[in-house]
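Dropping a structure here in structure tokens format, bear with me for questions.
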Amino acid sequence: SDEARPITVGSKNFLEQILLGEIAAQHLERRLGQRVERKLNLGGTLLVHKALVNGDIDLYPEYSGTSATAILNLVPSHDADDVLAQVRREYETRFHLRWFDPLGFNNTFGMVIRKADAERLGMRSLQDAERHPSGWVLGVGYEFQQRPDGLPSLLRAYALPLQGTPKVMDLGLLYRALAQGDVSMIAANSTDGQLLSPDVILLEDNRNRFPQYDAAFIARNQTIAREPRLATALQDLSGRFSDDTMRRLNHQVLVQHGRIEEVAGEFLRTSGLLKGPSSP
Amino acid sequence: MIPNSLLHELVTLTMQHFFLVGVSMLLAASVAIPLGIILSWRSGWRDVALEVVNVVQTVPSLALFGFLIPVPVLGGIGSHTAIIALVLYALLPMLHNTVTGILNVDVAVRDSATALGMTTGERMWQVELPLAAPTILAGVRIATVTTIGTATIAAAIGAGGLGVFIFRGLATVDSVLLLAGAIPAALMAIAADRGLEWVERALSRY
Amino acid sequence: MIPNSLLHELVTLTMQHFFLVGVSMLLAASVAIPLGIILSWRSGWRDVALEVVNVVQTVPSLALFGFLIPVPVLGGIGSHTAIIALVLYALLPMLHNTVTGILNVDVAVRDSATALGMTTGERMWQVELPLAAPTILAGVRIATVTTIGTATIAAAIGAGGLGVFIFRGLATVDSVLLLAGAIPAALMAIAADRGLEWVERALSRY
Amino acid sequence: MTGPSSKVSGSQTSGAYATMSLVSFRDVSIDFGQRSILRHFSLDVEVGETLVLLGRSGSGKTTALKTVNAMLFPTTGMVLVEGRATTAWDHIQLRRRIGYVIHDSGLFPHYTVAQNVAVVPRLKQWPAADIEARVANLLQKVGMPVEEFGARYPDELSYGQRQRVGVARALAADPPLLLFDEPFGSLDPVTRLELQRQFIELRQELRKTSIFVTHDVREALFLGTRIAVLLKGSIEFVGPRREFLQASTPEARAFLSCLEPLEYDTEQSLA
Amino acid sequence: MTGPSSKVSGSQTSGAYATMSLVSFRDVSIDFGQRSILRHFSLDVEVGETLVLLGRSGSGKTTALKTVNAMLFPTTGMVLVEGRATTAWDHIQLRRRIGYVIHDSGLFPHYTVAQNVAVVPRLKQWPAADIEARVANLLQKVGMPVEEFGARYPDELSYGQRQRVGVARALAADPPLLLFDEPFGSLDPVTRLELQRQFIELRQELRKTSIFVTHDVREALFLGTRIAVLLKGSIEFVGPRREFLQASTPEARAFLSCLEPLEYDTEQSLA
């Protein structure tokens, strides 16, 4: 639309998204040598997607599984490459949006329990968790509860003993509820920074049941046409992350209280995308 | 069109929602109306109390929950925490309208109650409250309808209610779910408002 | 203790917040008060209008935004969309209290205005509105304080305001940021309420 | 509005101009639900006269006044003012030509005394200086100098003071027709006598027409050029005051008997 | 409350019991801001008497009544009821011993006529049957039979009807002391005379004490055992009615002159 408008990066309203948005923004500023607008921390999948389609933002990070189920209403396959190909095709034809190559990490669901319980009961995996004597008090987010490849699939794969119905709550409150003892197992995300804390452990998904949530940037074709360097710049970020990298980045902000801008800049420096402090 | 399991859940969540709102309104009214009455006598306390309530109104719900979860008895995950939050948010309109309603009662009528030898309490019950009732009930109606809307935040703390559909609908961009949460809430708001209007008519001749 | 850049951002966000609330309140008042006046004459329209406003109150903000973003001129990301939502949510208390306030004006005083040959408009401006002012302003105060709280949702749509700190604080579990958003909002609520109280005193002798 | 009134309206204009009554009640009946408040009430008020309405409390005097300035409309029959039915008048225009003093003053609680008196001149957009002069003049006349009372609010006045402000307010814009509903009811006799004398002077000067409700038979005789006695919504007697003094109808005689000396002259003293 | 009143309180008890006045005003002054409303007002009211207060509008009559039932307190001086300062009384107890008829009736708009009259008996928790009987009896006495008027709301009454309900309400719980503030002010003379006669009967039967404000000098002479004339917040004259008839103070004479025949007997007829 407006030619003079700077490129605008969006993100959803949780930390990982904000970090990815900030990383992309700094990287693009550097590579394109122009100011980049940040609309980070927007309301959620619905709003960010609509804002992108509407042209209010030009790009944002998304997860393949989310796009497939929430936006495209597909039943996603368990194969990461299939899912990616599917969303890529559909986004291109339906929305004229370009799905870039994955960043390299998979933020899928992860069942987390207190370290103390794990040690007491001697559990490391979801298979072990099937033999909890009195049953788990499960805390979950809305999406995990709703998605057919979320909670229902989990319970089909693992005969987890449950105490009462799962408690559904805001993602941000899950770890608190776990620490507080309101629940004994939570369906968190596999890249949560809290997972580096010594108090909790992520149970291993031995049977590989969780859906694919490979993160990647999506951008508007129109913007890429206007600023072709955008494509190559975004492509630089692909494959630069791992589950562990992302967890550590989250942890640096969440637990060590690093500033998002600094954590993002530090990541760009150490990953070789940016050498030395930025200069005009 | 709507699957059966959804219908079943709808009924459960609507009832939870109704329960959350109902309990919160009863608690809020039984705090705010008597407090409003007391504050109508004491202009000194009035400003302080209304300011506290104003401040409470601006506290974001998730921050409030984060603060309440570790609190021993009241807090934790579940409906009691949600109810506390809803009560706190409902105080402002009820308190404000109670104070305004009572201060607006005609001075001549109030004086005549005093002259007849009514105690402060008798005058309150028999004269001031009935005459302030339209304004007080306007506050209750505002609070109830607003709470039916804000009670969706109960879902954020595992207290159920129609917010479960709404947040799930938002997370999965599912407009059927969104509507399954929003429409019953809207109908409940209309029904509650109508019900309170009926109470108002029944209570006073005006 | 608070870093300089945070302070600078704080000032910007506070001003944005103030702007969002101020514009929304002006718009809401200029819709709700005249509408409330008209509705006080027409009991038929009244029920319909109040029900529409009730329903609007229960629509979750994120769903409303989702609906507004694709709308050509009004919608999109940014402050205009946030303002529309804030105006819609502020209508209920203002409209309700305007109607209640006007219907509660002493019949004898109203009759005497009629007998003096006032037109409906003159009676409204010179008699009914001034006498209903405490109740109407109670509605404006409720709406303003509530909006200062709910304006944090503006951050969800990139419209800035103190919600930016609050949502960032929630996302990063950072209580300094949370407080940096919540405290200025609370202070703004107190200041706005005080300001409106002063307006009320200035407007009417009561 | 209903059948009968529209039937009468054919003869209305000619009839009205023939008699030139300022106000005429034509077979007016008013019902509130089941209750019949005025019954076949007919009466003409000529320019320049003061018609006094006497009647027991609840006999319908206030109701009759309210039909004149279109605050109430007849259930059947019609009320003509200057020959035109009140239903055919622009109500606002009609009311601004009529000064109305209400029992309990009906002052606006949020206006000062001076502002209350200035209401109608302000509505008529008189120049500010004229309004100010008029307010000062009228308040002086009712014994409440603007310097002392102008800035007070009604709740800072005694009852009689409020009534006097009500009188001043009704006179403010100099209306040709005046409706008085016990205007001097709560005034002490000394002040009252002053106002009564002023009333008579005013009337002779300006040829004002008025309908005057009072409970004081002496006042009725002093001020009224004609006197009507209401009994349960009907007119029992109407005639010039000389005839009233000789009236033979029972209700009129009951009122006249109140003029007789009270027993205090004869009763044994207690003190 | 302030210096002077507490100084006086030493002599209070003995003084009060010596004279056994039911009400006594002791050098009462009341100021509202700058304005001085009552000035060194002293007066005793004995059991069984009817003290009438006469005075121009704004002279302080209502204010004086309000100090008796603790609605207002003297700025200096004190008011004793049954020998005890109003400041020392339990206000609720005091007010329930005093019936108070307010000018403009002060009826509760949300109560029916019957409920309005029943207020004080209900506060005193009389048995329901007694209350009902009492209400019916009183409404009958004031000429508003409960069958016809009991279920109406004040805004469905004429002005005079409201005043009568106000009188009935004040008498309901049979208080030993009555304060009347122009109770018959808006009544037609026929009804008024009936109520005045009833008032005298009642007083002789029950030895009620009352302070009675009126603007009608004939009523004052008819009902009052003693008459006080107020002038700008001070007592100009006080004495039994026979002395009042011969009073020489200017304000008392002004009121007496209102008894003289009006000019209507002599004025030329207009009709």
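Letters are used for the chains, namely A, B, C, D and E, taken in the order the chains are written, and counting of residues starts over at 1 for each.
Here is the rule we go by: a contact is a pair of C-beta atoms (placed from the backbone, for glycine too) under 8 Å apart; a residue touches a chain by one contact, two chains touch by 3 or more.
What you see is a predicted model, and the numbers here were worked out from it, not measured in a lab.
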* Structure fact -> Chains in contact with chain A and also with chain B, listed by label, are C
* To do: Compute the centre of every chain as the mean of its C-alpha atoms, then state which one is farthest from the centre of chain B.
  => D
* Do chain D and chain E face each other with the same patch, meaning over half of the contact numbers show up on both, or with different patches? -> same
* Structure fact -> Contact-pair count is greater, between B-E and A-C, for A-C
* Roughly how far is chain B from chain D, going centre to centre by Cα mean, in whole Å? -> 51
* Just give me the whole-number Å value for how far the CA centre of chain D lies from that of chain E. => 28
* Rounded Å distance between chain B and chain E, as computed from the means of their C-alpha atoms -> 47
* **Distance from the mean Cα position of chain E to that of chain A, given in whole angstrom** => 83
* Which chain E residues touch at least two other chains? -> 104
* Structure fact -> Check: chain C positions touching at least 2 other chains come out as 62, 66, 170
* Structure fact -> Multi-chain touching residues of chain A, meaning two or more other chains, are 43-44, 46, 172
* All pairs of touching chains, each written as two labels joined by a dash -> A-B, A-C, B-C, B-E, C-D, D-E
* Asked: Contact residues on chain B for chain C in the complex?
  -> 50-51, 54-55, 57-60, 62-63, 66, 92-93, 96-97, 99-101, 103-104, 106, 134-135, 138, 141-142, 145-146, 148-149, 152, 163, 166, 169-170, 178, 181-182, 185-186, 188-190, 193
* Structure fact -> The chain B residues in contact with chain A across the complex are 62, 65-66, 69-70, 76-78, 155-158, 160, 164, 167-168, 170-174, 177
* To do: Using the touch definition up top, name the residues of chain D that touch chain E in the complex.
  => 32, 49, 54-59, 62, 103-104, 156-161, 163-164, 182, 185-193, 215-218, 221-222, 225-226, 240-242, 254-255, 258, 262-264, 269-271
* Structure fact -> The chain D residues in contact with chain C across the complex are 69, 71, 92-96, 98, 100, 102, 104, 106-110, 119-120, 123, 153, 169
* Structure fact -> The chain A residues in contact with chain C across the complex are 10, 13-15, 18, 39, 41-44, 46-47, 50-51, 53-54, 56-57, 172, 253-254, 257, 260
